[in-house]
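This report concerns only the one structure given below.
Order of writing sets the chain letters: A, B, C, D, E and F. Residues in each chain are counted from 1.
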């Protein structure tokens, strides 16, 4: 009984079909790790699943229900972290997190503090984002992700800009999300350090 | 006889001194690899060395000459690849490379073709950059770097967005630059696969 | 199995509350960058004051062109600020999050439009009497000018939001944006200038004011829907 | 040891050639979207349409405000397009590369300004006579209008480049800097509108034309330096 | 005949009006046919590419 | 309700074929009608008792003005169909309308200006109808600018469809507002569009011209539509047969 399943995905990019009949299924408490050469279509796949890019054809099922990738209920349970972390340079890290999470659900101060500590952002969370380093920004975005309370995480190269400890952190956060009963789809070449049973590998074909 | 040496670097960021009297020296044909936690100051250091960020104090020597980091001659021999790869979305990869390199020197078609092949961009170099994937863009930027003919490379997280083969490519390109007699300063946590004698490590202190 | 989706402490934000959060954030961002607040005002002032400089210093003659000057100035100033309505949010990925946060996009877009009006239309309206005086408009006309500009600028912001949404996917869309929105804004300009003219002449301006109100209501019901559709299309 | 720095095949690009490359690139980017070339024209036409709508359809009266209309339209069209003069290059890191490519920044900035004028100021100037006719301007006034707009639009582009450079670093420069450009443009507008007025009245306009030329020359010598300095500050 | 072309003194306005209209009518026909021909050629080119083996593309 | 006919009707190969068949059936009659109307209008019709031969501009002015307005309606309807039923062919049809519409808006403006000079003594007045026509031109230009400004076809289709629909709501509003705007000023000129019952020998050429232009538009639009469909269709299967 997969949590999320995709059938007959058809995506056209530029002058050719990037996906032609791709199918995949992710059970709950599993992490689907997508790899593939540059241009293989990892980002495209994640954006299609998030409903940000319209495919030519897609049969999507979420918890046994056939849905559109633009379903509001599905969106309510999904979090997408892409290349652009949706941070406003003129707000502090805290303000950014409060806004991003607040759009979805009410946020208690204790949960906020816990998430900030978890991503190691205590020292800089109250500074304007414009003054943060690339990796510090990324950690703020991770705190928003944690607090979104979403059961499905779609992560596009989550470890970008992070230091060695940060890269390990990504693996841990994914592990915790799985333990909570959530599902993760991540495009990354990094070893996430997950148990073999928790991980499903998907290697996309060569790009153009 | 170091190719590049820095003494008494003093950089103030926000409310505190990020560097207070930092010194370093890089001989020719060596790669200085900068590591450090997020926010340690890797990007700041590279931007200071490129003359993009004005430090409070800096004694910079390039080939035995004391210079300002905004010296035009020094700039002529330097290439900086940062987070933003300076690619125009509405030009093709080739046009972007030609423009970036053309600002500095005349470019022959053979050299251009060779560089594009070296970074594995043959298939997509003639497409508009807006239609490229993140890693494909990065490869276009690498081709510009190769062709700049600069003897000093300043690289900030060069392996970002690259696939496994691309990460290895970074190490090889650095090795070749060293072999040509050049110098490299790179901020990255990745193992560059260089000979132990070619690499100098610099770990910056904890960030804020 | 739903624990991650709905942990006990998690209370979903309502659609209205989400829209309010967007409004609040946009206002806060504007306050952080006061120069952006002043730009439309400065532009409005320059346009209005250029006419006495280039045309004639006689207040009698100026009074005749005051309605046109005030309305064209307000329209152009409001449009200048429109360009950035969605652009920044699109560039840093915020619009993507709007699309997938599970809240109705119409509400979020309407909130952004309201913020734009509060930051541009409202200050322009409040500034107009001052410029009116410089153009020889009698003080008795000010309530009429204020009310007509307040109503008209709402519609301008609404039309502008549709245009800004449509030009999202267009590189350097600033000029195209004005090309799209100005024809749509013609009725507002016509009725608005007419109302101002009547106010200056000391006559009753209920007629054009009703029409402006009708346009504002029509705009408020339809424009957010169109703008939301446009934004959805524009985010690739 | 210098082999990497100066391999035998490497021929340094001259400062002028580098500036030409920037010019060529900006023109190519514009040509890539031919509709963008038409946009300032369409925009200018739309703005000129607003005044008859806001003021009066009578050509006799329109003729009196025609100078103001043409110049405000030109200023606005130029400003709208200027907004993005450096913004894109700053956002994608191109400006950083300009700073460290070993070429004099003034030349590169001047090339960008020239490209902007060729793509906006020049078409606007050529379009003005047509709009003049719609506003009741006699044909005899066209040479005067063309020459004054050609000169004035150069200065507007130059001033605008300084403003665009300053707004890059606006966070540090503060409110005053971004408001600096509009007042700077006022003399151009005043002399330009005056020259147009004289041309319409059929009088000699050498006086204001000389002043416009003087402003253009002053601008061409100082503005690229100021703009380059502003860009240097703006790129953090 | 020349009387016909003089159009009762309105020739300077009438004939340009007819000329502009004719121009529009002709240009629209030509551009439409050109566009169609170009699209056919492009489609043909693409077809040939599709039938070519992968490595020759 | 059975919708299969609807989808069959909307299928690109079907439309491509039908358009190819129909285009000449519109095109040739259009040509004949226009030529006949030209002869009837320029030679057979008597001069107007007030305007002399100048009135003959009507035979190009009125049809082009009519086309400019009608084409916008067709374009907006097609756009709405495309947006609501996600029918790609409808978007293609809207795209093929815009250019033609803009051309004839320009023609109506120019012929009107050329008519206005001898009749009103000026090329241009800010008359409501003229102003509204100018705004229509800007709507067309905006539509085409938006279309060409977005690379991705699907997005360009849908964005421009939204604009076309918003424009259609606005066209009557513009018309009324501008009409109303002018009526309160004193009349700017002796513009009187009084329509005395035109004598038959003047009216007949006009009616022939109107019909001819309408058929002409249909023919040109169908050819453009075929081009658009070919350009957009990627599935080669039916194109191969179509190209035979």
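Definition applied: contacts are C-beta pairs under 8 Å (C-beta built on N, C-alpha and C of every residue); 3 or more make two chains touch, one makes a residue touch a chain.
If you're wondering where the values come from, they're calculated on a predicted model, not measured in any experiment.
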item: Topological distance between chain D and chain E, in contact steps; value: 2
item: Chains touching both chain E and chain F, listed by label; value: none
item: Between chain B and chain F, centroid-to-centroid distance (C-alpha), Å; value: 57
item: Averaged-CA centre spacing for the pair chain E and chain C, given as whole angstrom; value: 42
item: Mean-CA-position distance for chain F and chain A (Å); value: 49
item: Whole-Å gap separating chain C and chain F, where each centre is the average of the chain's CA atoms; value: 33
item: Multi-chain contact residues (two or more partners), chain C; value: 33, 91, 171, 176, 179, 182-183, 186, 190, 236
item: Touching two or more other chains - residue numbers and ranges from chain B; value: 83, 89-90
item: Residue list for chain E, restricted to those that touch at least two other chains; value: none
item: Residues of chain D that touch chain C when the two form their complex; value: 33, 35-36, 39-40, 42-43, 46-47, 49-51, 53-56, 61, 64-65, 67-68, 71-72, 76-77, 79-81, 83-84, 88, 91, 170-171, 174-175, 177-179, 182-183, 185-186, 189-190, 193-194, 197
item: Contact set on chain D toward chain F in their complex; value: 33-36, 38-39, 42, 45-46, 49, 52-53, 56-59, 62, 133-134
item: Residues on chain B engaged by chain D in the complex (per definition of touch); value: 28, 50-53, 72-73, 75-78, 80, 82-91, 95, 99-100, 102-106, 108, 111, 149-151, 177, 180-182
item: Touching residues on chain A, where the partner in the complex is chain B; value: 13-14, 35-40, 43, 83, 123-124, 127, 131-136, 138-139, 157, 160-167, 189, 207-208
item: Touching residues (chain side chain C, partner chain A) in the complex; value: 1-7, 9-13, 17-18, 21-22, 25, 28-29, 32-33, 88, 91-94, 96-104, 108, 235-236
